[in-house]
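Two complexes come next, and they have one chain in common, chain A, joined by chain B in the first and chain C in the second.
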Partner chain A sequence: MSNYIIETEKLTKKYGARRVVHQVDLKVKKGEIYGFLGPNGAGKTTTIKMLLGLARPTKGSIHIFGKDMKKDKLAVLKKIGSLVEYPSYYGHLTAYENLEAVRILLDAPKSRIDEVLSIVRLTRDAKRPVKGFSLGMKQRLGIATALLGNPELLILDEPTNGLDPSGIIEIRELLKSMPKEHGITIVVSSHLLSEIDQMATQVGIISKGEMIFQDSIETLRKRSSSKIKLTVNDAQSAWRNLMSNGFKTDVVQNQLFVDSVTDEKIAEIVSSLVKNDYSIYRVEEEKKSLEEIFLELTGGEGSL
Partner chain B sequence: MGRLFQSEFLKLRKSLIWLLIFVSPILSLFLGLLESNEITNVKGAEWMTTLSMMTISHAILFLPLLAGVFSSFVCRYEHAGGGWKQLLAMPVSRGSIYVAKLLVVAALIAATQLLFVVCLLFIGWVKGYPSVIPWDSIAISIVGGWVACLPLIALQMFVSVAWSSFAAPLALNVILTIPNMLIINSEKFGPYYPWAQPFLAMMPNSSEGFGALNVSLVTLLIVILGSLGLFLSSGFVYFKRKEV
Partner chain C sequence: MGRIMASEMLKIKRKMILFLIFLGPIGVVALEACNFGLRYDYLTKVYKDDLWGGLINEASLLSIPTILIGLTIITSMIANIEHQTNAWKQLLALPISKTKVYTGKALLAFLLLILSCVVLAGGIIVLGLLLKFGVNIPFLYLLKMCFFPFLASLPFLALQIWLAITMKNQAIPLTVGIMGTIISMYSMNFPNWVPWKWPLLVNDLEKAVYSIVASIVIGLLLYLVSHLDFHRKEVR
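Up next, the complex of A and B:
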């Protein structure tokens, strides 16, 4: 038996001839916050729907808690809390009644309703009909609903959609605390890299239905290869001079760039410049941002 | 299953649509009260003649329409707020969700039928009908009407689940119900048109009644149960496979 909470194998979904998800091997370990990242329309929601049994895979298998989704769907769903796409609600019911309608199905204790309401700070609005709620409040209610059954696995699709900045921070801190405090595993999807960067421990990047990267966030960060940037008084002539001395550099907007090389090599370049009477104003290291790596991975069509 | 019911009733109770169960019985009550006494004076048949009078509007129009309205409604609040996604990701089987929704609608129609009886009894009390109430005949009419509504509920549930629009299933229902007024008068087509069955089943003393029932055995088996089986199984299979 594998030690993965979620493990999909060659998961594929086709709508007609259109391949929405193609051979995705998603692997999520216990206690991780798995950031599922991809541009809009990359197949995130479709993948999540398949994980929850809302859509049927065309090919491939899904195992959650080591159980086959095809055979033990209900047993698996019992331990999952979810929020898909936009929050689900019954507009004519109050927030409390919305939670009650779900609580009955989950057979959770009544006291749990007040608990989740206070977790998402909706206690004061609990008695108001949900149709009057703002998108952010509906989103909180959706998160409260996902937490209602004390799930071991939370699957949240774009959970910070529609929240204001303070709400985003609040939900982010809440999600970050859960694996530590309750041993919950979380899958959170987003099209915003910064969002995932701030909470995830593992990252899966999907683009055009295919998983193009899946590893820890540190590994993703390591990809950000650095360059040394030199600011000198006359970049063009300095570049020619360095070339004639056998140093390979690039000139971009009157600045010299050296691809990541050893410290010694940088020292030689600097001393060569000094010997030839160039004034060196700055020597800086420039790291590629995660955004750039993301764009590189997704072939430049990523929205951030 | 019990939990699903509780949850469905919570969602239903807060919407005011269930109040529609009163409309048809109350309308029938007025029809019954205003009816001229000439026909009813047939000794011993007062109860059943009044019942026939009340049945006309109730079973030709209202029962088939209500079956559609209630079915659309129990699906509407799922369509409107993205409820299907949430409901179908719960640890309850799709089959029991579908059956629970069907039974909720059937229960609402049953409540309508019971109110209909209450109104009949009220008329009898006001007009001083004989104290011997023909419970058997009344029960057959009421239960028969309810059973004849089940296929209509099954079809309406199917289309209501399939179409996210609230109006489309209702429009279909009206289109199928309106011809009732002509079809019930036709000896040829009446027995075979599912939407005419609530009326035929509720109308006492129709000539070809089978045993104690107001409809013939052929109608009962083929038309009512047959269409129920067809609509129910196709809706059920569709819902089981539906992607949300």
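Up next, the complex of A and C:
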């Protein structure tokens, strides 16, 4: 037994001969907000469908709450709230009736409907047929539905799709507060790194069906402070001089680059340059943005 | 199962489904009212030995295509509630077995159509009384003629709910259902084992029981097979 809420092993899904998800080992700990990131068509939705028992894995296993999804599907689903791709709703019913149709099935208390309506701020529109809702309102109704059963685990596939900036912030703040206030674990997928960056504690990056990065958001960020850039009067000569003194640097367009090294090392390089009468105009940290790292990891496939 | 049915009942609200369930039998009774109203003297002469039996037979004949078309439309509408916004993925990610979800839909269609039969029986009684056929109503015969054609149509109910639920494009189940209705109307001379002939109850009532038993058995079998197919299929 492990202490993971979700643990998949070599999870694989093929559609015909096409490998859509390949040997994914997804690991989510309790209380995390796990950002599941990947460009369009990477296999996020397919993975999530397998987690929810909507699609059958071709190979591999899924354990949620320590239980095998194959054997204990219904017991596991009881503790999960989910939203897959664009929201599902019954257009001819009001928001309240939509929630009631699901509440009956979950056997949740009636009062829970008003609670979730107020959480997603739809109380005022509760008595309107959902077909007249904006996409953002439908999305929020979908999140309300996911929250109905007081889940321990929320699995949300692109929950901020179609929301305006203020709606995105609202949902983000809501999700961020949940692990703290209710001990809920959240998996949230997105193709936008900036989205995940602002709420996730753990990140899994999937590309072409394969998990290419899975660690804390800090580890991902650490990759971004990577180089020190020195602007000097004669870069070529300074580079040779530093080389002869045993410092390894790169020259690009009259600027020196030092791969991330300790502060002391930078100090030594600077003092060596000063001793040899070079003029130092600037010493800067060249930050790679998370976007650049993401592009690098996913082999240049755009995320925006 | 009770909770599933409660949820299903809520979901058909404002969907015209209940309206159609009443429209079908009321339409049949209204047509018979015209039939007997316009040809009162002629028909009461033809059926002078058994006025009630005559009315029941005429109505029952008209009810057969109505039932077949009705179950085609109703099953399609019930399935379409989930197809429209692909609510299947929300429904099936809830802690409810796929068997129960499928059974809920099939049972809902069955119960609604039974309700139609009840309305038909009630409508015929009212019409007969209005036509002054007396109070010696042959209840048993009335119930048989109202419910047997539907019970003899159960394989079609099972077939239509299967097609309607597993296909997103409702043109296919609707076409199949309408074709079936037409075939059934011309099936008088088919061999007895052909299911399309069963709703007609062409044999005398004693033998019609065989049709109904066969229909229930085949209907249940089709339901079992189709529910396994639903189990196997993934959600898009």
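Methods note: the second predicted complex is superposed on the first by the 249 of 304 C-alpha atoms of A that agree within 3 Å, B and C clash if a C-alpha of one lies under 4 Å from a C-alpha of the other, contacts with A are read in each partner's own complex, and residues count from 1 in each chain.
Basically, a contact is a pair of C-beta atoms (placed from the backbone, for glycine too) under 8 Å apart; a residue touches a chain by one contact, two chains touch by 3 or more.
Note that the structure is predicted; figures quoted are calculated from it, not measured.
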When chain B and chain C are modelled together on chain A, clash or fit: clash
Which of chain B and chain C A:100 touches, first, second, both or neither: both
Which superposed partner A:92 touches (first chain B, second chain C, both, neither): both
Touched partner set for A:53, first chain B, second chain C, both or neither: both
Touching partner for A:207 - first (chain B), second (chain C), both, neither: neither
Touched partner set for A:84, first chain B, second chain C, both or neither: both
Chain B versus chain C as contact partner of A:160, first or second or both or neither: neither
Touched partner set for A:139, first chain B, second chain C, both or neither: neither
Residues on chain A lying within both footprints (that of chain B and that of chain C): 49, 52-56, 74-75, 77-78, 80, 82, 84-93, 97, 100-102, 104-107, 145
List of chain C residues in touch with chain A within their complex: 3-4, 6-7, 10-11, 13-15, 81, 84-97, 234-235
Residues of chain A defined as touching chain B within the complex: 49, 52-56, 74-75, 77-78, 80, 82, 84-93, 97, 100-102, 104-107, 130, 145
Residues of chain A touching chain C in the complex: 49, 52-56, 74-75, 77-78, 80, 82, 84-93, 97, 100-102, 104-107, 142, 145
Chain B residues touching chain A - in the complex, by the definition given at the top: 3-4, 6-7, 10-11, 14-15, 77, 80-93, 241, 243-244
